[in-house]
Amino acid sequence: MLPNPQLNQHGELQHLLTIEGLPKEVLTHILDTAASFVSVSDREVKKVPLLRGKSVFNLFFENSTRTRTTFEIAAKRLSADVINLNIAASSTSKGESLLDTIDNLTAMQADMFVVRHAQSGAPFLIAKHLRDTGREHVHVVNAGDGRHAHPTQGLLDMYTIRHYKHDFTKLKVAIVGDVLHSRVARSDIHALVTLGVPEVRVIGPHTLLASNLEQMGVRVFTDINQGLKDVDVIIMLRLQNERMNGALLPSAQEYFKSYGLTPERLALAKPDAIVMHPGPMNRGVEIDSAVADGSQAVILPQVTYGIAVRMAVMGILGGS
Amino acid sequence: MLPNPQLNQHGELQHLLTIEGLPKEVLTHILDTAASFVSVSDREVKKVPLLRGKSVFNLFFENSTRTRTTFEIAAKRLSADVINLNIAASSTSKGESLLDTIDNLTAMQADMFVVRHAQSGAPFLIAKHLRDTGREHVHVVNAGDGRHAHPTQGLLDMYTIRHYKHDFTKLKVAIVGDVLHSRVARSDIHALVTLGVPEVRVIGPHTLLASNLEQMGVRVFTDINQGLKDVDVIIMLRLQNERMNGALLPSAQEYFKSYGLTPERLALAKPDAIVMHPGPMNRGVEIDSAVADGSQAVILPQVTYGIAVRMAVMGILGGS
Amino acid sequence: MLPNPQLNQHGELQHLLTIEGLPKEVLTHILDTAASFVSVSDREVKKVPLLRGKSVFNLFFENSTRTRTTFEIAAKRLSADVINLNIAASSTSKGESLLDTIDNLTAMQADMFVVRHAQSGAPFLIAKHLRDTGREHVHVVNAGDGRHAHPTQGLLDMYTIRHYKHDFTKLKVAIVGDVLHSRVARSDIHALVTLGVPEVRVIGPHTLLASNLEQMGVRVFTDINQGLKDVDVIIMLRLQNERMNGALLPSAQEYFKSYGLTPERLALAKPDAIVMHPGPMNRGVEIDSAVADGSQAVILPQVTYGIAVRMAVMGILGGS
């Protein structure tokens, strides 16, 4: 196996590209660091000077105001200078290549790139290019690439689970929905397995399940009632609009009937099970409003922990 | 009458949603606070640390670069972290509801929302939701909602009038133009009445006057020459482009002929009358350039005081 | 000759509008100041407090993410508050004139405008208006106006040449490409002549050469092989997409065949000649990738020096 391109020769985090292959110690270190930032966000003055004078570029080749906002807030609370670049609308329209853009921004003394890209592997390509050109001091954070990975979402999900359930090694966790197209699902599965969760389940229709799921160490269910039985954690996935009336699904109504999380279905899980969702929710499609706003939902705490986790990742990468 | 949702149980400003119903003491406190910030903006270093570490979100569901810029500058001069969200182009396109967006941003530890929305009442809805969910510590500033209110514009107009005329209780003030569609007019009228202006006049064609104006305590004129007679203050309203060739008005040229503020008409007012306009002006439509650039115009000082007033509002809400 | 509108009565830089007519001492002072900022950008904390509390407005009437980003970074490293305004999409659509926009932003206590505009002369118009209205304390930096000038690009090119070649008075410099439409070429030629370069050459097809080039003190070549002979510095220009299939040029392929910088052509220059390009590059059109990525290219250092030069210009203008 090749050495993990995310770690330097001392085993320290150099980039955050994917959770796959990250050692448990690295994941735990990020979660522990995030815990210290949860309290920062609660203070009157929500700033620490860890990245003061550092230049963080939000490179969004694919539009996502919500994710970009979380990274922007996290970077500003670390006192970084943040530059938002919506690249779809700019230099690529002048025919400049991805790597020429990176070279240019690096020449402006960028310290960190937060990259969102519709193509799987784009953040890897950038990290490799930085190494090949001797600029390992510039860091890359993957903010979602194609169907591949969304590691900070995975980490904030782990933070949330650890906060409510404490011990990963005793849990049954179910991931429900469009697993096939979900980078969130992929990142969660890798993290859950690495952190020692003994039973990870995925639940969804045949058409939305990936073929390699069992190799990833998960149990597959097409019947949500069976799949939710006795689980401690339910992670709902967002159903992308473009799937709803396509070939893979009959309709949003049908989907809700078969896989929507209702109070009745939630009752099949353990009584203290928590319900998570990466947002934005499609109420009445993958989740009933009674559940989304109910006492077992921890969807808003996920958002709060997401800021802390992103501060932790950026602080670990850029603050040393 | 219900208690004012903008004030907390100690009568302190909790949100700024509308001028309607705000006690004179609250208005005067904002204007007095703004006076201290006028001098800040004149200093070499135009910053005070009042909102350091606070996160202010500019939520613009309706595009308005000019207004957004004034709030952004005001927040930055208070040392806040400012996040601009052009929501029209973002999460609502993913089908997320207004209140889900608010819940999410609140979970990111937002301290203040500056809200611009095409629908009247949206900022009230947000404030109510924050109270209903126990998050009264998050503040809402209405930056213009539909035809309803634009309270910071009303306050900066009052600041300007007080600066030039000192005593509200001796003034005749005329508001000229499309009163029917104007949130500025509505906010100004409430403020003028509360601050004790004995004679508020509105001037415009029948088709652009609201039916309830006389209940609001104003005198209505359709003849501008009569309406301007002996006034101390003239507040011109912007004629929206979409009205100009519509059913309500024959044409921009006709409008100017009947209601445009020319030097001749201005001469009907008191010799030391001031001319105000919320901007951006349509020169040659509602106002002649000779007046807009003349010695009685205080249109640019309005802009300057607008920054100070917004600093005051945000400082009072978030700085305590 | 009229006094230079860029200088105040003490001969100090008041605005940066064009390199034409700027004395050698002023150019040299900017380059010397930039040298001190190159080291700032290398430090852990890349900030100096020179513009703390100052409000810098990036007024981009023409979209250019790359140039806007360089000014934004430069201003933030000087600790300024930066407001980005994409004016194409905002108030001009409400029919507000350029000078009304400037008046408004000045009333918000703007300290500096960085202006990009498709029309030649727009920054001059703004500077003149500021002087005519008694607001000389507000500074204007031209970030590219039409075909006229791009002075900070010219300055960063001079910084780069001085860094690698030390003495301007012994150099042969060739500018290659679409000189006719290039504000970069015009700014470079003025700077090179002022700084004492004895031989400035321009190389391009007849259709892309301006008629007044020889009056500007340059030698004109249509044969690139002759033009590159023994030069110390090669400045490649970007071929605008809109020229490529138009009346002025047969095709991008043909252009590359006649004027593309290949390793073979580069070998005609001095062995230690440097290759420059303002970016973004059209690889395979005006420049071969082997040259762009080769050992003689200083294209990325240009970007780095560009930040320092912009910090210098803004620091000199606003920091006094």
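Each chain carries a letter (A, B and C) given by its place in the written order, and its residues are counted from 1.
We take it that a residue touches a chain if its C-beta (ideal position, glycine included) is under 8 Å from a C-beta of that chain, and two chains touch if they have at least 3 such contacts.
All values derive from a computational prediction rather than experimental measurement.
Peer 1: Same or different interface residues for chain A and chain C, judged by whether over half of the residue numbers are used by both?
Peer 2: Shared-number fraction below one half, so different.
Peer 1: Quick one: how far do you have to rotate chain B to sit on chain C, C-alpha fit, nearest 5 degrees?
Peer 2: Rotation angle between the two copies comes out at 120 degrees.
Peer 1: Cα centroid separation between chain A and chain C, in whole Å?
Peer 2: Computed from C-alpha means, the inter-chain centre distance equals 41 Å.
Peer 1: Tell me, which residues of chain A touch at least two other chains?
Peer 2: none
Peer 1: Can you list the chain C residues touching chain A in their complex?
Peer 2: These residues of chain C touch chain A: 41-47, 63, 65-66, 69-70, 72-73, 76-77, 241, 279-283, 300-304, 306-307.
Peer 1: Sort out for me which residues of chain B touch chain A in the complex.
Peer 2: For chain B paired with chain A, touching residues are 52-55, 81, 83, 85-87, 89-91, 94-97, 100, 103-109.
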